[in-house]
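Accompanying notes for the structure given below.
Chain lettering (A, B, C and D) follows the sequence in which the chains are written, and residue indices restart at 1 in each chain.
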Amino acid sequence: MRIGVLTGGGDCPGLNAVIRAIVRTANGRYGDAVVGFQDGWRGLLEDRKINIHNDDRTDRLLTKGGTMLGTARTNPDVLRAGLGRIKRTLDDNGVEALIPIGGEGTLTAASWLADEGVPVVGVPKTIDNDIDCTDTTFGHDTAVTIATDAIDRLHTTAESHQRVMLVEVMGRHAGWIAMNSGIAAGAHLTLLPEVPFDVDDVCTMIKRRFQRGDSHFICVVAEGAKPVEGSFHLREGGIDEFGHERFTGVAHQLGVEIERRIGKEVRTTVLGHVQRGGTPTSFDRVLATRFGVHAAEAVHHGRFGQMVSLRGTSIDLVPLSEATKQLKLVPENRYEEAAAFFG
Amino acid sequence: MRIGVLTGGGDCPGLNAVIRAIVRTANGRYGDAVVGFQDGWRGLLEDRKINIHNDDRTDRLLTKGGTMLGTARTNPDVLRAGLGRIKRTLDDNGVEALIPIGGEGTLTAASWLADEGVPVVGVPKTIDNDIDCTDTTFGHDTAVTIATDAIDRLHTTAESHQRVMLVEVMGRHAGWIAMNSGIAAGAHLTLLPEVPFDVDDVCTMIKRRFQRGDSHFICVVAEGAKPVEGSFHLREGGIDEFGHERFTGVAHQLGVEIERRIGKEVRTTVLGHVQRGGTPTSFDRVLATRFGVHAAEAVHHGRFGQMVSLRGTSIDLVPLSEATKQLKLVPENRYEEAAAFFG
Amino acid sequence: MRIGVLTGGGDCPGLNAVIRAIVRTANGRYGDAVVGFQDGWRGLLEDRKINIHNDDRTDRLLTKGGTMLGTARTNPDVLRAGLGRIKRTLDDNGVEALIPIGGEGTLTAASWLADEGVPVVGVPKTIDNDIDCTDTTFGHDTAVTIATDAIDRLHTTAESHQRVMLVEVMGRHAGWIAMNSGIAAGAHLTLLPEVPFDVDDVCTMIKRRFQRGDSHFICVVAEGAKPVEGSFHLREGGIDEFGHERFTGVAHQLGVEIERRIGKEVRTTVLGHVQRGGTPTSFDRVLATRFGVHAAEAVHHGRFGQMVSLRGTSIDLVPLSEATKQLKLVPENRYEEAAAFFG
Amino acid sequence: MRIGVLTGGGDCPGLNAVIRAIVRTANGRYGDAVVGFQDGWRGLLEDRKINIHNDDRTDRLLTKGGTMLGTARTNPDVLRAGLGRIKRTLDDNGVEALIPIGGEGTLTAASWLADEGVPVVGVPKTIDNDIDCTDTTFGHDTAVTIATDAIDRLHTTAESHQRVMLVEVMGRHAGWIAMNSGIAAGAHLTLLPEVPFDVDDVCTMIKRRFQRGDSHFICVVAEGAKPVEGSFHLREGGIDEFGHERFTGVAHQLGVEIERRIGKEVRTTVLGHVQRGGTPTSFDRVLATRFGVHAAEAVHHGRFGQMVSLRGTSIDLVPLSEATKQLKLVPENRYEEAAAFFG
């Protein structure tokens, strides 16, 4: 049997560990050949691929961030228009099953391909933890670990200067990284996309904390955090009136607003791409490895149209159609748990 | 209301984070007073305690390893004999509910106290991950992270010298630390208490790997790993025939045996106490915080005789009597998953 | 004897370790009292201070980032105008010698105070490594370590997406952090304030690397890096034409320019304040401790008007007037050493 | 020109970074070919070698621990007897200059080869920091960092259990790792090979600390630490009376003795090989890179019989004969500096 693998969407610590585990299981255990398509769906559309063997070089992938296959984002329309070519590439290469590893976009495409008759097993990947029907995915723990380490460091500098510090972390639609790193690092406030914030309340909370004699205020801001209507005008990024690009996200703009309102020195840090790179944590290496093993097992047993999923301590299979129905957002009760530590 | 807290058994990263979260919830949210008994059950037996307030000092506990209350192991018989004194201490201090944070021994005692009419809510603590009825507990992720980091380092030194390296990690009864760090760090073999090993097989595996041209062999050994009968005589630690203390655990003895049998240079490292100290990982800080919040909530709502527990992404309550029936060992299917990467 | 201590300028990992070592030596060894003035020179101007004893609480400062005394930047004119008040505060508190710990600004003030008859021993502090007459200072190694760790992570994400990545690190006048982290993390180009860059050359280098088939390009940019004249218009930060604050530093602007010129995806990360916070590295803890010991010894032996300094493996004293004459910039031969790895 | 490179003695973080820098300079800059001999001097004796090119694979060596060339310890007599073969290997391969990277043994051999007319430039390597005529070498900072991180962790567990903890670190002849990690991690006592200890004094110090109400005692022990005569019988390791191997070093034996004398719980941790493996710190990467560049430059300019050396901030050349005259031990004044923090 020949099995195709590809990685799509943004890169994520643990992708290589999944590939290694698939190869170890499919090739090492069952003697199947593994073909890696390069740069996400593009590799399938353009028939660019490499063979991956169960050798020492593959074994060393375990601790390496990023993806040896490269990755890219592909427009869904381009993909739909390319169904014929995709099927041809699979046929030409004798690939009988495909394992796409990716986030919501990649898995939605995988689900559609499954509907179109392609034998597919998906592996969920997201540092944002926003894929539904799985307790979590690899990459998220690494991202939270990096963000927490950064916020730990910001505490001491904020204290020494008695400052307000805003830290922008990833999370356009779901605030899991913000919430978890905020809890882990003892942030005094965390702003999520799921719960619009009121600048008045933010300022009141900050003032109250300093009035109590506390020395600093750390606020974690998800990049997708949004003010409630009427609270504060959040400008879109992009090109300004003079053709100059602007890079100020929500945290920078909120920082200016807070400084203006309460007259306290505010500093803003945008963690950016460091959150998605580098060696995965041990948690993510174990989860990625287990996902890879179970994806290869699912292919071997012909369980197609499914996605591997962590449920408690077990790896289960859930229908791709089910998993891609909606994003997994931070539920209200989890936010309340976190909010108990605000102020 | 006055709530008592104590930490029992070996120390564990995250204990302080649990205490902080209990205080924040019980004291900060509900206005209850929190009394910390010192050095485990001894503090209750000897009426040694401190009041813990929801202040800045408590807030800083989040990232600190160990336990501000101190901890100790107490003989169960001593404890049983002291029931009267325990009840008196609780009465004298006006403590209406008790939250013991600890491992199997502490929770078994908590379960017995609950049977004796003391209002108790337990919090599971173990770096070994061997407490039943919870997906995992805080401390384990930190221990696995430390062990994985160490094994990552040993890879490069083993490769450079073409050595066999044995790494002994904690886990007397359950092999979770060994298994998870072995998967995470790409060990070539992992020996657990749950699956007795045959030295012949170990040596065969090592020889085969070097014959294939590989440069090194890393074996993770849980301190409770045991040979199958007839395979190799594992001597007990302790005092030798001349009154000299011996410190050689299973890894050291196995290392000597392998060296003798296959003539390869073997080096053994015993990670020891570094696995249980220091700042908890972000994963453990979040879990410890959630356990603390939910334990305080359980007390507030009078849900006694229970233990907080992670189930998927939720914190549940399970009866202490249920949770302390047996240790949670590594099941066969998990070991097989890991074993796919041996050799 | 009573000795005053203060920390001035930006905070820096190791400040607390210096304070601890001063207290241990002055108080613990010689029985002198130590008075800490708060928030830099302001504490002297406003007579705000605390006594610091050689106790367990002080001992724990070793690993803590930031400064327990608080810090602030003070306008030199304000300081000059306050000489009378400073002397009065010292007299009122019976302080016979002062140890200011700080960067170029603080040490220049210290040198002036020495000229005005105040018995002063300075301790150099700078993450930027730009203080003259000392091989290095504490804080720099920590900053380089944090930047290197971040760039290590960016490599894998840049490779996976075949991107150009710019990383802005601290260093307004001197490029030591950029140069050292660039060497340590294998950057493909590093831009320093000392060596103006030509955007044409930067673009040529990037194109050549991708033409050779390489997968990514990492460029470290010191915040004070500047283009050669005529190469590219670097806008000042600050308020734009509509009163909106702008936050784009040199790296962001350069990124836009590169993207425009060569049509490659560019991503920019500004590391910001995480570089100056958190636990110091072991190197910085040792150096900070030695500086503290030697500063206290210098005071004890009446060696005033001096600054402690690392020379090879020794801690020496150099005149403050000498040390504050000029900033220590990256010399040409060091830049050439680094440049051998560009491209 | 063809240049030979080899790595000898124990492995050390930064060896690969030196090799990379040599190749980048010799091959990339000057167009010279680089031949790597495998497994230390053995590769020269047995003519086992590989060509190393200035390519992407070599570039990735920067962050990798260990040595891509392998390493081994060679008996000096074997080496002396093999002079003819060594010269023949160099001739056969057209190697005109040799860069041995290693510790005292390797550099002594290099010095002898230089005397025998082989054009040699040495690069000092030692985690122990015991090579003379250089401020420090790469590998040491990484070892100290790892040891410090471990001791940081042991503090919290020792405090929680009110224990005495002994940590054995590397350093058979020189106590630099022990001293520096002891300072960096705030040990309460550090025992070095250079300063024999008296068990009575150690016990007195421990008792005094606990009497003062302190909660724990951390003692760092270099593996080569020795008692003063008459203080305590330190048994040699090796085989016991029954042919059983013993692994107890000085820390374990001292721990037993302390426990016996003062009745306090003592725990001992032997850090072992983790100190020499894994990714080098940024400090060591920069130093290793600079050493590699300057070694290749020295070869290019025909400066043979020399060793590269760090002096202040400069890389100098010193005669190999000078550098190998004696080991660099911890001098008395440095020990006294450290001792100010004992107790």
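Rule of thumb we're sticking to: a contact is a pair of C-beta atoms (placed from the backbone, for glycine too) under 8 Å apart; a residue touches a chain by one contact, two chains touch by 3 or more.
The model shown is predicted, which means the values in this text are computed figures rather than measured ones.
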Remotest chain, subunit C as reference, centres from CA atoms: B
Length of the line joining the C-alpha centres of subunit B and subunit D, rounded to whole Å: 34
Geometric centre distance via CA averages, subunit D-subunit A, whole Å: 41
For subunit C, residues that touch 2 or more chains besides their own: 149, 152
Touching pairs - complete list by chain label: A-B, A-C, B-D, C-D
Contacting residues of subunit A [partner subunit B, same complex]: 21, 24-25, 28-29, 56, 59, 62-63, 135-136, 141, 144-145, 147-149, 152, 180-181, 183-186, 214, 281-283, 285-286, 289-290, 293, 311-313, 337, 340-341
In the complex, subunit D residues that touch subunit B: 7, 10-11, 13, 15, 64-67, 70-72, 146, 149-150, 152-162, 165, 215, 235, 240-242, 244-248, 252, 256, 267-274, 276-278
